[in-house]
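Just below sit the structures, each encoded as structure tokens.
Common to both upcoming complexes is chain A, partnered first by chain B, then by chain C.
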Partner chain A sequence: MRRFFSVLLAVVEKDLRLEWRTKESLLVMVVFALLVLTLFSFAFGPGGGSGENARAVQAGILWISFLFACVIGLSRTMGVERESTGFSAMYASPADPSALYLGKVVSVAVLMGIMEFAGFAVLAVLYRADVWKSAGALALIAASATLGVAAAGTLFSAMSARTRTREVLLPVLMFPVLVPVLIAAVKATEAHLGGGGWPDSRDWIRLMLVYDVVFLVAASMVFEYILEE
Partner chain B sequence: MRRNERGVFGWLPVLTLVTLAFAIFANFFIAGTDRLQGPPQRIFYIHVPSAWVAYLAFFLVFIFSIKYLAKRNPDDDIRAHACAEAGVVFCTLVLITGPIWARPVWGVWWTWDARLTTTLILWMIYVGYLMLRAYMTEPEQRARFAAVMGIVGFLNVPIVHMSVEWWRTLHPKPVVMRSGGLRDLPDSMHVALWSSLLAFTLLFVCFVRKRAQIERLSARVEEARAAREEG
Partner chain C sequence: MLEALGVSRRYGWRWALKDLNLSVSPGETLALLGKNGSGKTTLLKTLAGLLKPTEGAVRLSGQPLSREARGRIGLLSHEPMLYEGLTIRENLEYFARLFGVERKAMMTRVELLAGTLEMEERLDEPVRVLSQGLRQRAAFMRTLLHTPEVVLLDEPFSGLDTKAVERLESVIELMRDLRDYIVVFTTHDVAKAFEVAERIAVLAGGRLVYEADVQNSSEEDVSAALDGYSGGSG
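Now for the complex of A and B:
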């Protein structure tokens, strides 16, 4: 068990150090997320429209922009492995494949978390959303959604990185599978932005946690078949 | 190879054709016209069996994918592939016949109802499965990746269904007319429904067998070509 965690942490450390030195994905992710947030304002009118539907639109805009931006981070994290023959190294190493997988999930989730922090801040400013009032709830929602996105995304990006089309296939494989997370994250965020609060968001958070567990368990079981050569 | 073609399965296409012909006959001449919905209701006998076959197919993809990863028999990969292709065809049929029926009966082509939406997402997942296969060249790696996709995609179905159901029911929406359940159907409709369920299932088995056969032959051609290039 200790070995498992030391492998996991080694992967996280390696990925985050790489990101710190190259700054290849996080910056692009954040700028892209902000760009999408702004673009949606043009598409739906300033602040995501007006009236009671505005909060729902804002929650949707927020999560769609996160989902789009995370594709960049995910393609990068596995693209790096492909270019540096990391997949062969992972396969050859005696480390538990599920520890390698979970390490990747954590490092992707950390990057996404930083991006989401910036996204919420921008939402508060540009869309005049009251983020601070329910910061704790939003953090919990973001954490459970991010874990699900990272869990599914890491698995699919490990596959798509090694197809002929490279990263192009990733959104096509990943987005349909992420529909439950998107629905739940949007609905729960909407509940807290609009003042519905816990009674409206509780079930959605539970759904995301179930999704996270199912996906993390299933994907760590099958990840060794992805590494095989 | 040829000897296998006789036997029980040799008669399968004939049996399928006969059953299919009877099902179509039953649909138009045996089953009565629905009093509320009128003639459009008859598309039900195509829609429901297609949906059943699509879900059956995706379940079989799941089973063959697990079997492939456990036993590494290339034939299981071929079967999973064949089932996924046939499943996407029947799922497409569901998504086409549904709106054709819904337009005259509900007044709209599409509603974001839980079952409809789940089927649409399911269709997208398995189109993704087929694309993943199409963009991979190395057969053994393709088989493994596809198997992972086949397993994960299917595990996702109940969660998608649950989330979409909540998504639609947490908000009030126009009540969608539903059929009163199988027990309320008159006998003539039972004949049409069950014969067409049988016919579609047989048709599915025919498709999968033929597809798998073609896939095996093309694998042999590939092997022969590779052998000739080497030698």
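Now for the complex of A and C:
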């Protein structure tokens, strides 16, 4: 088990160190998410529109912007592995492929977490959403959704990384699989932004957690075959 | 012993390797020669377990190439398998952790390899700023970092200056003389093959067309084997 975590941490450290030096993925992710949120804030007017659907629209815009920004970030993160033939090096090693996969998932999740923090801050300012009142609940929702997106995103971006049409292939593979997480994240976020509470969001959060566990376990099992040349 | 048993490998409709049988004993150094596209790189990657044979099998010590067995192999391929944004030392630390090398052992080994390959002053430079020759040396350090039993080197002398070639040559000769390693390297240089290896094999069209001990062979024989085959690999 010690070796498992050593490999996992080695992947996380390497990915975050590379990202810290270049800031290629994070910068693009944050800028893209903030741009989408800002543009839609103008489209819907001050406060992100009015009426009973306003919170649903805000939650939808928020998660759509996160999802698209994540695709850009994933392409970049996996691009580093492709350019350095990192997948072959991983496959040639005796390291547990699950540890390698989970390390990549954690790296992607950390980058997404930073982007989401900025996204929620913009939501609070431009859409006048009461983010801070439900900060704990929103953090749990974001963490559950992020884990699901990172789990699926890492798997599919690794699968598509060696193909010529990877930029097109990644969203085509990833988005349909992420529909349950996206719906659950939007619904749970809407519940808390609209002043509802745990009774409205509990089942959606459970759905995301089940999805996370199922996807992480299944993807860990097949990751070795994806690393093969 | 490292064995390729009836190994064939196909890319689409093209056979890169066809029914190839090869065995290398512990302590033996084998030079693989062949023209471009003869299947040398495919064979090396198959022996390393990076490519699965379409037919046949590769065995190490009589066992199929499992994940654990792959950890006993070191491969220097055309791609350096190093992260450009990391320094050589950071790259080596990362790969050492993947291969389960303890930190203390890793540090000792890095210093030893850096000393041997004259890379001490380059260890903290990012790979991005290194020349082709220095990258090749850094990749060679990565290959030997986990003390593999089997060392597979794909054109190890390419892109190196004369002094670096001599250094690398002396390391391979040292491995040969220690007789603890199985060393297989590919080259286009017949003279170099005779200088460093104990056994020569020639690949053409994905098939093994010539195999002999250095003592029972001559550069003329090998050159004739290289020139003699005019067929494709299809």
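Keep in mind that, in the parts below, the second predicted complex is superposed on the first by the 223 of 229 C-alpha atoms of A that agree within 3 Å, B and C clash if a C-alpha of one lies under 4 Å from a C-alpha of the other, contacts with A are read in each partner's own complex, and residues count from 1 in each chain.
FYI, a contact is a pair of C-beta atoms (placed from the backbone, for glycine too) under 8 Å apart; a residue touches a chain by one contact, two chains touch by 3 or more.
All values reported here derive from a predicted model rather than from experimental measurement.
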(request) Pick one for A:155: touches chain B only (first), chain C only (second), both, or neither. (result) first
(message) On the A-aligned overlay, A:219 touches which partner chain: chain B = first, chain C = second, or both, or neither?
(response) first
(request) Tell me which partner A:180 touches in the superposition: chain B (first), chain C (second), both or neither. (result) first
(request) Report for A:3: first if it touches chain B alone, second if chain C alone, otherwise both or neither. (result) second
(message) If we overlay the two complexes on their shared chain A, which of chain B and chain C does A:38 touch? Say first, second, both or neither.
(response) neither
(request) Give one of first, second, both or neither to describe whether A:93 is in contact with chain B, with chain C, with both, or with none. (result) second
(request) Identify the partner contact of A:14: answer first if only chain B is touched, second if only chain C is, both if each is, neither if none is. (result) second
(message) Output check: A:83 vs chain B and chain C. Expected answer is one of first, second, both, neither. What do you get?
(response) second
(message) In the overlaid three-chain picture, which partner chain does A:228 touch, first (chain B) or second (chain C), both, or neither?
(response) both
(request) Overlap the chain B and chain C contact sets on chain A and report the shared residues. (result) 228-229
(request) Give every residue of chain A touching chain C within the complex, in rising order. (result) 3, 6-7, 9-10, 13-14, 17-18, 21-22, 80, 83-86, 88-95, 97, 100, 224, 228-229
(message) Under the definition above, what is the set of chain B residues touching chain A in their complex?
(response) 69, 121, 124-125, 128, 131-132, 135-137, 141, 144-145, 147-149, 151-153, 155-156, 159-160, 162-164, 166-167, 170
(message) Please output the residues of chain C touching chain A within their complex, sorted ascending.
(response) 45, 48-52, 67-68, 70-71, 73, 75, 77, 79-86, 90, 93-95, 97-100
(message) Give the list of chain A residues in touch with chain B in this complex.
(response) 152, 155, 159-160, 162-165, 169, 172-173, 175-177, 179-180, 183-184, 187, 203-204, 207, 210-211, 214-215, 218-219, 222, 225-226, 228-229
